[in-house]
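For clarity, chains are labelled A, B, C, D and E in written order, and residue numbers in each chain start from 1.
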Amino acid sequence: MSRRQLLKVEGLSLRFGGLQVLDDLSLTVREGRIVGLIGPNGAGKTSCFNCLTGIYRPQGGRVFFDGKDVSHLPTHRRARRGIARTWQNLGVIDALTVTENVMLAQHQRAGYSALAGMLGLAGTWHRERELRRDAAEIIEYFGLEDVADERAGELPYGVRKTCDMAMALATDPKMLMLDEPASGLSPEEALALGTTLRELRDRLRLTILMIEHHVPLVADVCDYVYVLNFGRLLTEGEPEAIQRHPEVIAAYLGGAAEPGAGSDGGTVPVAAADGPPDWPLVPEGPHSDGRPDGTA
Amino acid sequence: MGAFIALGVFQGAVYGLLAVGIVLVYKAKRVFNFAQGEFGGVAAFTAFSLVVSLGLPYWVGVAGGLAAAVAMGLTVERVIVRPLESESRTIMLVALVGVALFTIAIIVLLGQPIPRVMPPLVQGTGLNLLGAGILPQQLILLAVLAVLAAAMAWFFKTDLGLAVLASSQDTRAAQVVGISPVAISRLVWGMAALLGGIAGLLYAPVGIFTPGFMTLTMLVPAFAAAVLGGMTSLPGAFVGGIAIGVVQNLGIYLLGQQLKVPGAAELGVFALLMLVLLIRPQGLLGKEA
Amino acid sequence: QFEGVHEDFVEAGGENPGLGGASEGTGADGTDGTDASTEGAGGGDGGSDGDGGGGGNDNGNAGNGDTTGVTDSTITIGIHAPLTGAAPLRQDSFETGKDLYWQYGNGGGPVEIFGRTVETVFADDQYRPSTARQVCQTMAEEQQAFALIGAGGTDQIQACAQYAASEDVPYLSTGVTETGMGSLDTYFAASMTYRQQTPMLADYIKSELGVTDPSRVAAVVTNTPNFDDAVEGFTDAFGDVDVFRPDKNERGSSAAGNLCTGTVGNYDAVFVLTSPTFYLEMAAASGCRPQFVGVGVSMGLDQVASTGCSAASSTEGARFFNPTPAFADAGEYDPAFLAAVDAAGIEADDVTWMMWGQSKVLHQMLEKAGEDLDRGAFLDAVAGSNFSTGVFPDLNYKDGPFGATQVSVLRNVCSGGGHYETDHAFVSGF
Amino acid sequence: MALLEVENLRAGYGSVPVLHGVNLAVDEGANAVLLGLNGAGKSTTLMTLAGLLPVTGGEIRYDGRVLKGSPGARVRQGIVLVPEGRHVFPALTVKQNLRLGAWTIRRDSRRVRQLLLEVYAIFPRLEERADQLAGTLSGGEQQMLAIGRGMMSSPRLLLIDEASLGLSPKLTEQVFAAVKLINERGTTVLMVEQNAGVLAQADTAFVMQQGRITVSGSGADTLNDDAVRAAYFGT
Amino acid sequence: MATATMTFARVKVQRRFGLALRVTLVIALLAVAALPLVYGGDVWAQRISRAAIYAIIGLSINTLTGHAGQISLGHQAFVGIGAFAAAFTASRLGAPLGFGLAAGAVAGMATAAVVGMVALRVTGLYLALVTLAFGLTAETTIFNWREFTGGGAGAFAPRPDILSGDRAFALLCLGVLALVLYADWRLVSTKAGRALAAVRNDERIAATLGIDTTGYKLAAFSLSGLAAGLAGGLFAHWNQVVQAMDFEFQVALVWVLMTVVGGLRSRLGVVLASAFFALLPLTLPNFLSGLPWQPPFLNEAVYHVLPPFIVVVMLLLVLRFFPGGLGQLLRPATRWLTKGGRR
């Protein structure tokens, strides 16, 4: 396929003291695909995410996003270009409610300057109401409406995970980076997640890069998989091929790996059943108008 | 100039002594203990009441002062620190500021805000060091500081010390391995109060002491000393304290006396603090993280 | 270096709304650098004319009908002093001292002035000028004090005096700075100002202590413009002495290094004009033992002496100029004081004694104002009058608000518990 | 005889009740699994057993006696929890973490040394990283460390909360194998899991729903129980 | 069906009634609060000004510590710089009051922005220490700089004629307070408020959501400094003389205490607590000594030493039982008053 390369990573290398965490890592993510990043614990997957989002400063290598070199941009500038991520240990703010968390994630879409908001200028009141409505829609899409006004910190792990995902989407991204989205989910929920991810890709034309240990899910949704080991690329390819790759089996899957164990979405997952097609982010997302800087 | 350096070294010894207590609490609780100075204040006032007002033997005053300090430490732990454990560090810091001010207010209420003089542990005239008169009491202070800093450094190598560190990092995990965070917390505050009490008892006889004498003038340099040393390093607290004392006095000499800049001592401390935090945030002797 | 600034402050003080007596008082003598350009400021010893200060109220204040604080049976007086803050006084001395004279000063009974007794209200100024101003307003306006008394603390006295002048409230304090005070037409100093005392102090050091070499003398004076006149008075009289100006919030131990280290050398006599705590810190910390002398450690002297003496007798022999003779000799100068103390059944100290003297001065002033007491009448009566109490110096407000010419010299004695004894009483020169 | 018997246990967070009468029994030497959906109360159960949450009703019997006391006392009695979410001591080294695992038996230094070797034998990765700060370990490494630390006081009853969370398939397998090994060496194990794979190796299984045990039986039976499949797998 | 409509109507009526009740109540409360200003004379006018100035300072600290999670123990520096700048502008340059206040605000903002730069590298408790040391240094160096502040004697800040009355000045202070309150309210209910919440809780998460954490931190410092400088300017003119001792480090500590007692992020709580802290030392001693019954072991002089004690006891009690401060205590009431509105 000749889709556009949305993300291109060249020769990334990261060291902590004497520990070579990433070693000349290169990978490519094409637009509109779901790409998996798997590998043993400690292989450097999360570190790779941290380098891509600008949280770690790698010692070497370059990151291109949407055709432009973003290697030297700070985290928030990368986020504004359309990179969103979830966190292995959750990226929700515990002290805020689910709604507040989602509205927080809409930061770059607010469309007015912080100073204007503080002065209470006319447009900001209206825009606030719109943002609140959009947030409510996202919350409904993820089935969080029952807990919308509860503090995120008091919610069960799974719900907070969903909230994290909702927040990532609320930033109106081009590419979604998910760090173990299925961990802690029950098998049923993991299945539903697969359907959600495909839907996000197909309906919102999102590109997804996903770290995951839940092999059935990876096999189910990923178009392409990179396997990391000791910070290097072990192999890459289609999921089926990867699962048969002897080195992957030795390093990662272990003996009991049973290809295709996960059932594909035969049952209709709960969250997707009432997923609204008129999803606020797609058509009217204010990509075009210049986003004001966040500071006053 | 030499005299100022000598004065600084011995002035710095008090900062160091306070800094050791601050470092202990910081390592154990990730809290900046603003009440550290008042442990010394309480000890000094108690000892003064026993020795001067009631005319009891000196050792009774020392024992009573230390006991009062430790009692205060345990009370603070029970009444303030433990209930606020789950609150943000900011709230805890403010609460400890409150404890310090509360203690000062109590001392003022009970004992008048007048200056007092505590007889020294050892009588005797000062010896001349580089032109500065140094009292025997100050020599003892410096020696005690060195011993205590070393003892505390050793403590954190023991199992108990590790447990103290552990419960500061993850209370849940500490409970899970069978450490009682409450017991550790008591131990830490008791020890910190003891250190503060020692500092107060040793420093009070060096000059005049007033309510809040440790907090209002010693605490900020002591914190600076702790930070300078890396905040978690006990030898660092020692070195940092002395460095701060010397910088203060050099500031007074060079800036204050030669250049007539007001507030030279504070300026010196502030400049040093900024320099360390911005250039070597882990402090002189601190490790990363 | 500071003169220019200094003038500005004085001027600014003069602009204060209500400082109204700005009837062109003629300037002071030209040699008096500090006050050279000050409108109506009283100069040095009798250096200025009479129209600046007390004289100001001739312009129609007489019988102005402001009877705030005066009823048929009482007169209310407001007192401010620091009970908290950087240099506080003992609360209990103050509590007993402020009413002693008014309640027991009349042969063991309450003082009556034309059938009126005197009540006091009191406020803590926290050793902060802004607080002083605020509490003075509260006392004068809310608690209806007829007149205000400042018990100690130069900057606070100055702040309150300025407020008092702006609202035409009579204000009495021991003599402190002259800066910005000469033009205040409701202010009266009950003892010599620092500016007046320092040349005398210089003479005293030379003739009584026998130290004549300026390089053997140091002045340690808190760094406030309000003490500039004191420093100037001293250096003008003594010559080129070493002057240290510690900041108001600085601790004594740092200045100690200055005093006794090899770099600066030892001094034979050290003139201190700082907060008591600072002085004590300095005395206790310095390894050398210079002869401390000073003016204006006005309240709580004995407290300072006893503290200083317990710190290895570090203040032994210190001599201070004081408005009153020593408390230890109070019976000699005013037996009524001891009688009143007995009648009240309190434990007196020098704070009580000072309050007694100041109250006595005020009593004479109130008497002079006559039966139809109002603020205007009071100010008129006091300006230009003489008062003599035998406790405070004799006063003559003919030439403005700085009407005292006598001081007493007290000496710190450590034996028998630190205290002061009178070396000279009511002298006006050495 | 059952080593652990839980009867009508009620517990929760503050005023929020989570467990509404839990009944279960684990035999000495058993390898038991507690299954349940998110939020069912599995972690709450284990924390209550370990003494981290107060019992508000019912009782826990351990070794025939009613269990109470502080978490520390329970560790000394041999009940050790490996908590959910890898609560390691982040600023201590791996080795120090393990050393503190043996807190209750710290006086017996020979035994501590021996246990350390055992842990290293099961998790060689920990030995490689012995001097690294635990906070900088990868998620999986931290999980190993948490289990290893749990083993350091040679517990009689090991409570493991979601050991496989975030582990690679191979490591999950290894961890399960390690748990099996630990169990075979005589430690009774009660494991909370989402990964149905463990049912095969478990000899007892409980399914929890909304604060109650709804199904209990042998691992294999439970795996094939229709009710469980319905409740847990949604089929 | 009919019954349903009726019930609905009744609910509506009740709602409307409730709204009217609430509005009345708020107005009544404000009226009660205004009483001292109308009847209290100059002394109370001055007190109200002081309370308003403290409230602005409290809100300023709240912006930094409450909203942005950056602690400042050196606020006396910002307030003091503002005060001296205003006094300087007024007495030396003879500029009108508005200029002076603006100068104070700008000076406060600039100082805070400089400290904010430091805060970008130094976080948490270390920042607390840096601000503390900075405040001390400012107090002993800048505030003792005679040309600017008049050394120990202070700098004069005369009021212009229209504001020379204490009551008029109180209205000015209340007006500025109202502006600051409005800005704070809009701040927290728009994107900047949420961004600050994220920065306060987890900067890494905030950054991945596209929030410029650096910018927001600096902005929070500047904003806080602006309000503090403004309060300083008002303070200078309130007293008409300012000097270094007004900005001691204990004062800064008390300001932080009052903000925390009020409850971080609770506007009403902060305003109430600040007003209380401002007025207590001025009113309590006289109030107590005016009581008919006097406890035997206390005397008037002791009453003057009591306020700092009471203030700290309040802090400890509040922290111990309502870590959310007065705001937490008042929340049921404010919830009811603003029912329907969001937090």
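Observations, loosely collected:
As a convention for this text, a residue touches a chain if its C-beta (ideal position, glycine included) is under 8 Å from a C-beta of that chain, and two chains touch if they have at least 3 such contacts.
Protein names from UniProt, one per chain: A, D = ATP-binding cassette domain-containing protein; B, E = Branched-chain amino acid ABC transporter permease.
Quick caveat, the model's predicted, so the values are computed rather than measured.
Among the remaining chains, those touching subunit A as well as subunit B are D, E. Summarising the inter-chain layout, the chain whose CA centre lies farthest from the centre of subunit E is D. Centre-to-centre separation of subunit A and subunit C, using mean CA positions: 75 Å. Computed centre separation for the pair subunit B/subunit D is 43 angstrom, with centres defined by C-alpha atoms.
Per-chain CA centroids place subunit A at a distance of 31 Å from subunit D. The multi-chain contact residues of subunit B, meaning those touching 2 or more other chains, are 108, 113, 262-263, 265. Residue positions 139-140, 144, 302, 305, 308 of subunit E are each in touch with at least two other chains. Those residues of subunit C in touch with two or more other chains are numbered 83-84, 91-92, 223, 247, 250. The touch graph of the protein chains shown belongs to none of the named shapes.
Taken together, the chains touch in the following pairs: A-D, A-E, B-C, B-D, B-E, C-E. By the touch criterion given at the top, residues 37-39, 85, 125, 132, 136-141, 143, 162, 165-174, 194, 196-197, 232-235 of subunit D touch subunit A in their complex. Those residues of subunit E that touch subunit A in the shared complex are 182-183, 186-187, 189-195, 197-198, 201-202, 204-216, 218-219, 222-223. Put simply, subunit E touches subunit C in their complex at residues 41-44, 46, 50, 91-92, 139-140, 144, 146-147, 150-156, 158-159, 164, 239-246, 248, 281-282, 285-286, 299-302, 304-305, 308. Listed in rising order, the residues of subunit C touching subunit E in the complex are 2, 5, 8-9, 12-13, 15-17, 83-86, 91-92, 94-95, 121-124, 126-130, 133-135, 137-138, 141-143, 155, 158-159, 162, 179-180, 222-227, 247-250. On the subunit A side of its complex with subunit E, the touching residues are 53-55, 74-76, 79-80, 83-85, 87, 91-96, 100, 103-108, 110, 112, 114, 117-120, 124, 128, 131, 167, 171, 293-296.
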